[in-house]
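What follows is chain A paired twice: with chain B in the first complex and chain C in the second.
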Partner chain A sequence: MMLKNYNFTKKESRLYMSFMYVTFASLLIGGLMGLLQTLARSGEFQLPFGINYYTILTVHGVILGLVLTTFFIVGFQFALMGKTVGISDKQLKWAWIAFWTMLVGTIMAAVTILVGQANVLYTFYAPLRAHPAFYFGLALVIVGSWIAVFTNFRQLYVWKKANPGQKSPLLAFMVTINMAMWFIASLGVATSVLVQFIPWSLGYAATINVLLSRTLFWYFGHPLVYFWLLPAYMAWYAIIPKIIGGKLFSDSLARLAFILLLLFSIPVGFHHQLTEPGIDPTWKFIQVVLTFMVIIPSLMTAFSIFGTFEVRGRKLGYKGLFGWLRNLPWNDVRFLAPFIGMVAFIPGGAGGIVNASHQMNALIHNTIWVTGHFHLTVATTVILTYFGMAYWLVPHLTGRRLTPKLNKLGIIQTIIWTVGMAIMSTAMHIQGLLGGPRRSAFSNYMGGEQVETWISYQIAQAVGGTILFIGIILMIYIFIQLAFFAPKGVQEFPIAEEEVDAEPTPLILENWYLWIGITIALILFAYTIPVIDIIKHSPPGSIPFDWPIGR
Partner chain B sequence: MHLHKFEKIWLVFGMASLALFLLITGFAAFWKGTHPQSHIETIDPQNVEAHEAFKPENLGLQEVADGKYTVNIVASAFNYDFGTDADGKAVKRIRVPKGSTVLFQITTKDVVHGFQVAGTNVNMMVEPGHVSRLETVMKNTGEFTVVCNEYCGVGHHQMFAVVEVYE
Partner chain C sequence: MANKNKKQNQTTPKESEISLKGTFISVMLLGVFILALWFGSYALFLSR
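Right after this comes the complex of A and B.
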């Protein structure tokens, strides 16, 4: 069965591009902050104009971790929905409302940070108190994203009504899973911001329950990283096969993997809180076990992606155990960038297993190993896949094309990124194993051999960070070319199709009541008793602290 | 749903390794007692001195039995209070002999802090209203830097001490 894909109207393209402008503006600003951080922490440079290290650290985390990712994802997913199930004028209007709500929230939070009123980092742990505008800004970003969530749901619903009895297009199904996960997860942080932080920051509540706020944050914080990852998985499963000239490996397998990711994304937040007091270790262990269930869909994904590559290679007649590797389009940046992302996910995932382990976590918790870990996962695997998508999505939207020259620049960009990140992330991992802390300005501490070793790795990070910043400048150049200057033309929106003789997808995979029901049941199982414990055994609340962040 | 034969082998092998891994982790946690620190005791963050361990005179290193030590610490932005020495100066360095069993007890008067003795397994979050506690055996000699590893404000990187383990 061939599914019909929709052509974008000018109005639609403008919406999707708006999200891309914010994405790449964020990349430039956030990347510059990253460069400054690595330089400052090398101990060789001082930040100019008395800029506080923790201000740029907060900007870096918020702009790259929350703004860039969310804008790219929401925009990319709108484009996927528009392409596979279409968008009505009314839905388009709501999508714009989502965009502006998120943008206003972002600007509010960003200004508050830049004037030094919110040096609280992107995790904003109480009882450090930022200016209320920071929390209002965050709340608006979340509310804006919810408007996008329900617009996407509505798009699929309308399509289903018009196409009774048909399974939903794979990409639309995947977007819906990701948005369902995002909505359920962000209820936690929204509750914390609206019920705990905002009244307390305004002075209406005298104290805040710190452990509860952290638990609500991490209930959201882990699914947040899957929210970044799933769009990359969408590309790997359903777009890359088309780019290499192949077919979908298995529609049902892809859907099953996404369902498993939904089930095991949320009831796992305690693995970020393993070294915290006040939580029963048995419940920590239960959530550790639930965390590791994610390994199953990860193994499925690894198998089917490399399976796709091999099937394609053998069809072209390549023989031998690894002969098929040769046929992959290594000189096509739309493939190369995401491919390097996939490779980086192997050490990235292995590091994640260490992080979530009940005992091993104590070795690396809050060391710069963790920073190294998520620079491999989100800042390599995820971002290189996003870049890989942007190379065709941006010209598709602007009616231009990816020229051979821009493709070549893209390949150079990918290599620069890979080299820079290999240096920076490896140095971070090693320094972390040696106990070097994350999220800290340059310090000699009490001196000694240990500290000397840390500093040598910090210098390596500055080298890596500088190379990465060159990569960012190049990426921005490519983006501007693709958006405004590349020659007019038609750039394909690649969506992989099923083999003609593919087996039908079981209907149960699209039973939303069932899968959302199990998701909620798992969350209730993992969180009900420990949260009641936390509330019942809560200590006196914490008054707000402004002076430690320089307010 | 159709699964390729190789995929079945791959998944069965993967899931079996996962099960084994979790069994080992669980065995270590529940039978060998290697849970991460999870102390349930609470305290009033605005009156930590009311707790016996955090009275000013009880801060710092104490030998409680032969080869057994307790270290009581009060964290605040941006300092670890290990008590004062004989001259009334703030203690920033504690020394224990190799092989001693050391119990670290710490709480905070203000915001969230971290407490890591870099190079050992002592790594705890310190949160207002809670007592964090971890016992360890100091098996290696050397100087171990104590760092605050949870962001606590603009002076976060100035919060440190040293644990020295001597022969």
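Right after this comes the complex of A and C.
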């Protein structure tokens, strides 16, 4: 079955590009902070003008972890929806409202951080207190994203009405899953911000229930990482096959994997709270088991990707067990960047299994290993896949072309990123195993044998960080070229099609009541009793602290 | 190359007939890697 794809109007393209501008501006600002962090932590440099280390670390975490990702995702997903199910004028208007709400919120939060009124890091753990404007800003970003959520739902709904009995386009289905997950998850953090943090930071509430706030944060925090990852999976399942000249491996497998990711991404937040007192170990155990369920869709994804490559290679006549690897378009950056992202996800994902295992969590908890882990996952796997999408999406939107020269620069960019991250992330992993703490400015902790083993790794991180920052400059250059200067032309929007003889997709995979129902049931199962426990048995709440970091 | 492609196209095997041995082995290797890292870290945990 061939589905019709929609062509973008100028007005639409402008919307999608607006999200891209914020994405790449964030990359530059956040990347600069990352560089400063590694330099400061090397002990060789001091931050100028008395800038607080925790101010730049908060900027880095918020701008890259929350802003860059959310803007890219919402923009990219709008483009996918526009392409596969279309967007009406009214929906377009709502999409703009979403954009501006998110942007105003971002600016509010960013300014509050930059003037030193919110040195609370991107997790804003209580009892650290930021200025209320920081929390209001975050709330606006979330509300803006909800407008995007319901606009996307509406887009699919309208398409369904116009195409009765047809299965939804795969990419539209995937966007809907991701947005459903995001909405359900962000209810937690929104509750915490509105009910707990804002009244407390304004002084209306004297104290805050710290454990409850952290629990609500991680109820959101784990699905957050899947919210970053699923757009990369969309690309791997439904776009990369087209770029390598192949077909969709299996429509049903892709949908099932996304459903499983929806089910097992939310009722698992306790794996970030394994060291926290006040949560019954039984419930930690249950949530860890649910966490491990995510290995199933992850390995399904790996299988599907290898399968796509092999089927394509075999059809071209490549022989031998791994002969098919040779046919892949290594010199096409639209493929290479996401491919390196996939490779990075092997140690990244395996490291995640270590993190979530209770005993071994004790080994790495709050060490810089964790930072090494998520620079592999979000800052390599996810980001390189986003870059890989931007190489064709941006010129597609601006009516330009990815020229061979820009393609080559992209390949160089990918290699620089790979080298820089390999150095920085490996050094972080090892230093973490040696006990080096994360979220820590340079310090020699008044001496000590163990501390002396750390410094060489911190210097290695500064070397890797410098290489990475060069990669960021190059990426910004490529983005500006693609947005404003590359030659006019037509750049393809690659979407993979099904094999002609593909098996039909079972209808049950699109039974939203069923899957969202199970999702909610799993959440209620995993959280109801422990949350009641937390509310009933918590110690007295905490007054706000503005020191040592905060305001 | 071009020639080879053409010939292959005429006899494009159906998906179900294509061997996915390489895929199978790749996924198994992936599993082995995960287990190796996990048990390595576990050994480190036990030794501390």
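As a convention for this text, the second predicted complex is superposed on the first by the 548 of 551 C-alpha atoms of A that agree within 3 Å, B and C clash if a C-alpha of one lies under 4 Å from a C-alpha of the other, contacts with A are read in each partner's own complex, and residues count from 1 in each chain.
Please note the rule applied: contacts are C-beta pairs under 8 Å (C-beta built on N, C-alpha and C of every residue); 3 or more make two chains touch, one makes a residue touch a chain.
Just so you know, these numbers come straight off a predicted model, no measurement behind them.
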Quick one: classify A:Asp501 as touching chain B (first), chain C (second), both or neither. second
Using the touch definition from the top, say if A:Leu363 reaches chain B (first), chain C (second), both or neither. both
Counting touched residues of chain A, say whether chain B or chain C comes out ahead. B
With the two structures laid over each other on chain A, which partner does A:Ser538 touch: chain B (first), chain C (second), both, or neither? first
Contact-wise, after the overlay, does A:Ile97 reach chain B, chain C, both or neither (first, second, both, neither)? neither
Have a look at where A:Lys315 lands relative to chain B and chain C in the superposition and call it first, second, both or neither. second
Just checking: does A:Ala521 make contact with chain B only, chain C only, both, or neither of them? Give me first, second, both or neither. neither
Touch check for A:Glu276: first (chain B), second (chain C), both, or neither? first
Going by the contact rule set out at the top, does A:Val354 touch chain B (first), chain C (second), both, or neither? second
Quick one: classify A:Trp324 as touching chain B (first), chain C (second), both or neither. second
Interface residues of chain A shared by chain B and chain C, listed 299, 303, 307, 357, 359, 362-363
Of chain A, residues touching chain C in the complex: 299, 302-303, 306-307, 309-311, 314-317, 321-324, 346-347, 349-351, 353-354, 357, 359-360, 362-363, 433, 499, 501-502
Residue set of chain B touching chain A in the complex reads 1-4, 6-7, 10-11, 14-15, 18, 21-22, 25-26, 28-30, 34-46, 77-78, 92-93, 110-112, 114, 116, 118-119, 121, 123-133, 143-145, 147-158, 160-162
Of all residues in chain C, those that touch chain A in their complex: 4-5, 7-8, 12-15, 18-23, 25-27, 30-31, 33-34, 37-38, 41-42, 44-45, 48
Touching residues of chain A toward chain B in the complex: what are they? 52, 54, 119, 121, 123, 125-128, 210-211, 214, 250, 252-253, 256, 273-281, 284-285, 288-289, 292, 295-296, 299-300, 303-304, 307, 357-359, 361-363, 365-367, 434-443, 445-446, 448-451, 503, 505-506, 537-543, 545, 547-550
